[in-house]
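Chain lettering (A, B, C, D, E and F) follows the sequence in which the chains are written, and residue indices restart at 1 in each chain.
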Amino acid sequence: MQQKGIGYANVGEAIDSFMLIKEVTKGVTSGGKPFLTLILRDATGEIDAKLWDATKEDEALFTPEKIIKVSGEINQFRGKPQLKILAVRPSQPTDDVHVSDFVEKAPVNKDALQEKLTEAIFEMKNPTLQRIVRAFIKKYQEDLLVYPAATKNHHEYVSGLAHHIVSMLAIARELHQLYPDLNRDLLYAGIILHDLGKLKELSGMVTTSYTIEGKLLGHIPMMIEEIGIMARELQVEEKEEVLILQHMILSHHGKAEWGSPKPPLVREAEVLHLIDLMDAKLNMLNRALDKTKPGEFTERMFAMDNRAFYKPLFEE
Amino acid sequence: MQQKGIGYANVGEAIDSFMLIKEVTKGVTSGGKPFLTLILRDATGEIDAKLWDATKEDEALFTPEKIIKVSGEINQFRGKPQLKILAVRPSQPTDDVHVSDFVEKAPVNKDALQEKLTEAIFEMKNPTLQRIVRAFIKKYQEDLLVYPAATKNHHEYVSGLAHHIVSMLAIARELHQLYPDLNRDLLYAGIILHDLGKLKELSGMVTTSYTIEGKLLGHIPMMIEEIGIMARELQVEEKEEVLILQHMILSHHGKAEWGSPKPPLVREAEVLHLIDLMDAKLNMLNRALDKTKPGEFTERMFAMDNRAFYKPLFEE
Amino acid sequence: MQQKGIGYANVGEAIDSFMLIKEVTKGVTSGGKPFLTLILRDATGEIDAKLWDATKEDEALFTPEKIIKVSGEINQFRGKPQLKILAVRPSQPTDDVHVSDFVEKAPVNKDALQEKLTEAIFEMKNPTLQRIVRAFIKKYQEDLLVYPAATKNHHEYVSGLAHHIVSMLAIARELHQLYPDLNRDLLYAGIILHDLGKLKELSGMVTTSYTIEGKLLGHIPMMIEEIGIMARELQVEEKEEVLILQHMILSHHGKAEWGSPKPPLVREAEVLHLIDLMDAKLNMLNRALDKTKPGEFTERMFAMDNRAFYKPLFEE
Amino acid sequence: MQQKGIGYANVGEAIDSFMLIKEVTKGVTSGGKPFLTLILRDATGEIDAKLWDATKEDEALFTPEKIIKVSGEINQFRGKPQLKILAVRPSQPTDDVHVSDFVEKAPVNKDALQEKLTEAIFEMKNPTLQRIVRAFIKKYQEDLLVYPAATKNHHEYVSGLAHHIVSMLAIARELHQLYPDLNRDLLYAGIILHDLGKLKELSGMVTTSYTIEGKLLGHIPMMIEEIGIMARELQVEEKEEVLILQHMILSHHGKAEWGSPKPPLVREAEVLHLIDLMDAKLNMLNRALDKTKPGEFTERMFAMDNRAFYKPLFEE
Amino acid sequence: MQQKGIGYANVGEAIDSFMLIKEVTKGVTSGGKPFLTLILRDATGEIDAKLWDATKEDEALFTPEKIIKVSGEINQFRGKPQLKILAVRPSQPTDDVHVSDFVEKAPVNKDALQEKLTEAIFEMKNPTLQRIVRAFIKKYQEDLLVYPAATKNHHEYVSGLAHHIVSMLAIARELHQLYPDLNRDLLYAGIILHDLGKLKELSGMVTTSYTIEGKLLGHIPMMIEEIGIMARELQVEEKEEVLILQHMILSHHGKAEWGSPKPPLVREAEVLHLIDLMDAKLNMLNRALDKTKPGEFTERMFAMDNRAFYKPLFEE
Amino acid sequence: MQQKGIGYANVGEAIDSFMLIKEVTKGVTSGGKPFLTLILRDATGEIDAKLWDATKEDEALFTPEKIIKVSGEINQFRGKPQLKILAVRPSQPTDDVHVSDFVEKAPVNKDALQEKLTEAIFEMKNPTLQRIVRAFIKKYQEDLLVYPAATKNHHEYVSGLAHHIVSMLAIARELHQLYPDLNRDLLYAGIILHDLGKLKELSGMVTTSYTIEGKLLGHIPMMIEEIGIMARELQVEEKEEVLILQHMILSHHGKAEWGSPKPPLVREAEVLHLIDLMDAKLNMLNRALDKTKPGEFTERMFAMDNRAFYKPLFEE
């Protein structure tokens, strides 16, 4: 199969490929016949699929996290594509396909991300900030390199969080060149730690949801607490840097309505908020436009105030 | 002089009493003559005062935190009362007046407040919540019994915080009787701790302002961190009670716009928010109506959405 | 059948019980076969049900307000439970089931509610307020004891209005003990009359909807008019109490956006608003949490700003 | 004196004319000398005036509602004109000046307004609406022809309310011609009664303020009650016209935030709201532009969303 | 068949008439059978229709813009009427039906609209304004007389734009009589040009959608540019009238949130905005009430803040 | 005098320096003596000054745009510094001071700004965009290099607009390196033209105010028109680049409430908006923090949502 992947498939196309089952729901037609609704995914996106006249065996075979070989055709249902399954079987060892082939991943690999992070920490000169950052990197190293940055909207893929951090560090480095008054160490520390609370707010790397703690506290207050505890362990809790760093994390959503009880009140906190916005928006826009033809609009993007963006023709 | 105090004085009245200097500003008249603008206070309120033709000696004598004997008359200036000082001298040891006589205090004394707190803790049955509350009471005992609950608006007097807590505990006790599904221990713990972060957010008991930490983090995130650290010290950090208690503190302002990144998502958190509102509003209303004549309106109250309240005539 | 009732039923369960038909809609499957969609209810809740292959006889038999014996199984449809009817028959006299068995009722009976109301009126000392309240109770006695307080959200069951009033009176009694400045008679009168306009705004006790008058005027202005007319009948229209009482009713929703053209401008009006909120919210929360397992969240509650509430595990 | 009046006076001009004292405040200069601040008015506007070195006799002579002969010059003070009084004396009988000369009046006289009202009522065909309108006109005839429509912003002059009603009737008559589906009787009745509650909301015709009843209830709910009582007196309370008329009054501010608990839900209610807006805005704009030179902007107008309007040059 | 048209059809009625196909979507039933969903329309409205068991021939025959003879019955589907097609055939030349019979048209014909426009321009006296208006009428004459004023909500029918303009001119003429300070020429010019940008914002007269230019710029900025270019062509770009006219177009939506970067700052701009509102609202209300029975409410109207309007009974 | 300038002066300091008169107002003391209020400025800031006992000669000598030699002392007046003038004289030719010494200027000189602009245009590859940009630069070259970017808030100094453009171009260049999907030519063209409408919206380079055209249309619609006219002159009006460029200018304020009738709907439009925010905010923050001591807060900054920013101590 030479398809680009399900994220690029159009209505009317035939499909014949391996996909991962993300969710399964049983249904009954008005004629009383059972069917399965599956959400299938590969590394490029997701699609709703219908398996009509499903048997008890089908129900037992096709469960979440399984990989299947599926052929069918893509119809339109209520304005969205839907896959009608014509043939399906579970994957076999000889197929040589793996769950990790079916999840979206950052375009940069883990080693490269790790290296970029190390490089940034190496550039830092303020010992207090550097020690705190190092301690957190060490504590969360494993998860940090694989977690998504969010459950949806932007960087919602494997290693998304690290990818987001590394892109933000690159912007910060350039802004510091253009506006040398900026304190680069503060920016670096704020960028690396700003979303680390998500490692405890989100349940995991693949089928990501919110933990109870995440729902009741949220990643921002959880991270304020973590920095406080870490600063005590490192015996730097009296340093002003700790307070400023906590403030940067606390305020990085920019406004109370967006989850920051204090707005940015330190220059680098304001800049952290703007860099976060810039990278998150470009990540969403670039990926949506990549799936859009010149002269057309993307789908409406919830996290971009529900706007649909136009891809100009003249660039072709 | 048998006046009720400056908070009850009317335009046109003569004044002859001791007062505390809160602030002093130097000015020069258009004729080039120096004068002093003083903010004076006693236990019932504050007034702006003018000392015309002030000498260098006056400047040296009349400084903040000093007590003075002052006589003068109350004029109207831009719609607000202003004291024109006719005679003034510093207080002397033989006057037997003390700074504590000139600050507003809770209508219940420290011992009674302490007793009510102890009583509530004694009623608690959940050991985790009780231990955390006890530990905080011990840590902050001294400040807790003297701090105001706020710099202005409600309970903004000595022991105001403890007075607010004790009133809220009384409401909680009755609500628990009426709605026995409520978890009283959670309510008590939430009430006692909800504003404890203010002990670090506010600079002190008398001329209260915000600390840097208070401005950059605010009392709510500071308290989340404190509970986290305290729970570790008591080795109960894995208990669900800790998470729920942190959530109650985090959400007690009710809405993101009002400083709570999460709204109440636990029943007792919602009730804590409502009891807090109820007691704060009644404190403001009762004190404002106490200074208002029947058939008239109070001054506009900023923290009550800028409303002026009417005091009915028929109650006389 | 030992089920707790349809409000507690889970997907996958079999159902075999009596239920009341609330609504019926005819439909046709894509294969052209007729079916009926019924909304069924018992005293604990409602469910959508499907009767496939419905005959003309079925259509004639199964109409709103009829009681049926139904067996079937609960499926999931678009994330909500749906009952697939396997067998159904109309109830018969020998079944000894009655419409009143299938509507939700206040947990306190009419006589007890009546008694609590009488008790509160007896406590009142202000003759004007007492006479007005007595006259309204007499005028609306019958409906007052059976109407719901609303069509949905809180106290939306038989005798819900009286239940809401009686709970609010209990809170008011306690608050008056804790804050003796409050005028208890005003609070009692405001509480008893605040929602009485709903008796004309809502169409009835069971399948409640809005009257034309209710839609065009709303219960608040209707009640202002009623109090004015009643005061004339009792020849007390010049008393200030009447004005204050009208103001309390007018302002009890708290804000213009919520239907009160004037916000509370009298202390007891503000307290009435807060007690109303407190009781309405606790009614909603207690009933929703009662149907939720520890460690889980309730459904999103529209009238609680669309929040889902968590039921802690540690209370078990 | 050939001045157009104080509303048209410019900074730098000398003044020598009769004016009415609206308010007086005593003050003391920093040099200890007493002075009077007077708000003076004539039929075209108001001005702040200063009488320096005021004697006890001055204080006794120059009190509100007195007419004075004053000469002085207009200075600028904090961006607003201020009259420095050089000479002043009370008016004498021989001056032949009267309070009514110094208040702003509608540009149409009472008799003409009365005639237009009678004409409109005569056009009405629906007996219920006509009887209600007639009864109210009879009840309030005296005040209706002299009251202002508001304390400020639009039609805030003697006979302003009747002037506003008569202008709105003229618009309604034309709209009914252009859109014959409109029910003219409903529109006329709604227009005549829509602001009649202001006769009880405002304290009087000249130095107008809000009554207690006006502050606690507002003219809209007061008028709903009045219509209800009047309908009973006329024994038409069961007619649908009464309900629709009450709805029109209730909704004529258009939105809950603007004081209408129900938005317009009947076509003529919506049109009443729009006609009210149209006439109020044109009244404000025409009067403000009348005092503005071509090529310049009016002062900011609070009731026009704080906009300043431009008067084009090309129209000259 | 003597039906009034599909806009007046009720659930349960049989249909047998010619209709125009607006849209077609293919679907597959759960049993795997193909069907067609058609949106059909006549001059009075639209309806969803289902053609079950559709063949390949059906798909080829029934395409958008085709006229068909259809019989069937109207069912209810999710609360909205849906036509079940029992028999259908394409129209034939002998049927003598035309696309123009199936689109909604203004109640006034093109010639009459043209005449009214000419009349208004003839009344204008300001040469600059008159020349600009004439030039635009000439440029857009053809489209201006057939375009709708919008894709939905108000005047969304053939010649809707011209109908809207002509109605607004009639209101303006009357307002100018009542308030002679108004500059009639400015009003006329503003009214005629205010929505002319829609001729480029909307794709056409029948199945109207937004052009790319319409989506990226919107009709208001497009018209500002057009007036600027036209003024240059007429060599009047230095006249103040051009600036005022551009301002009127720019501000005619009234508020920034509604698409006007500047609010009205000239009297006639404010009046243009109000007349636009008045005519658009009356157009929507009259058409909705025309389809509503006395004593009932219209459907909720999105562009009227989602209100449903009541049609009084007493008018019958 | 070795002062850093008036922007850095503290209360209590003596002043002896040359300053430029920005505004003059005459006043009269309560004792009847004339005085002058002057707003004086140098290259670092402004101050209010009082010249007591001003003579007619003073009035004639000290007029706006004059340079004076002034000595005096800085007092506090209503919380803001005020200069009491002790001695003053007009500057003389021998003083060798010039108006241009007393206005704030960009930290980069005109030639350098010009060069940076030329460099960016040279990098552009799209001929349509490049030609349009070149044509505008040529048309406005003189003003573009000296105008401020705003009347207040950010880049409100001589050459402020060009400085803002050049800083934004530098950010765009770096972002294009990091996110190569971005169309650099579009970004460059959007940045250079985005605020060019201000050259017609603002009255001039020094005492800047809004033109009538600026008030009635605003710089955004004015620039849309200008681009349209320029595109016609260059005969590229049919190119899609023109539409996209107009959209970028139109949407660069981000939201309708902020003056953009369309939000950004093209990727580069969104990025233009973000770069504009980033540079404007950093300009404001850097300049405010430069005047603030470590450990203190800046004044509240209106254009930063009225926040006061903290300058950390640890950076010292």
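Quick notes on this one:
Keep this in mind: a contact is a pair of C-beta atoms (placed from the backbone, for glycine too) under 8 Å apart; a residue touches a chain by one contact, two chains touch by 3 or more.
It should be emphasised that the depicted structure is a prediction, and the values quoted were computed from it without experimental measurement.
Hopping across touching chains, the smallest step count from chain B to chain F is 1. Under the touch definition stated at the top, chain B and chain E share these contacting partners: A, C, D, F. Contact tally for B-D versus E-F: the pair with more C-beta pairs in contact is E-F. Centroid distances built from C-alpha atoms place C farthest away from chain F. Centre-to-centre spacing of chain B and chain C amounts to 40 Å, using the average Cα coordinate of each chain.
For the pair chain A and chain E, the distance between mean C-alpha positions equals 44 Å.
Counting partner chains per residue, chain E has residues 30-31, 212, 215-216, 244, 265-266, 297, 310 touching two or more of them.
Remark: the chains found to touch one another pair up as A-B, A-C, A-E, A-F, B-C, B-D, B-F, C-D, C-E, D-E, D-F, E-F. Across the complex, chain B meets chain A through its residues 212-213, 215-218, 220-221, 224-225, 228-229, 232, 243-244, 246-247, 250, 256-262, 265-266. On chain E, the positions that touch chain D within their shared complex are 126, 167, 170-171, 174-175, 177-179, 181-183, 239-241, 244, 263-267, 270-271, 274, 277-278, 281-282, 285-286, 289, 297, 304-305, 307-310, 312-315.
Those residues of chain B lying in contact with chain D across their complex are 29-31, 33, 35, 52, 75-77, 84, 295, 297, 310. By the touch rule above, chain C contacts chain E in their complex via residues 25-28, 30-32, 212, 215-216.
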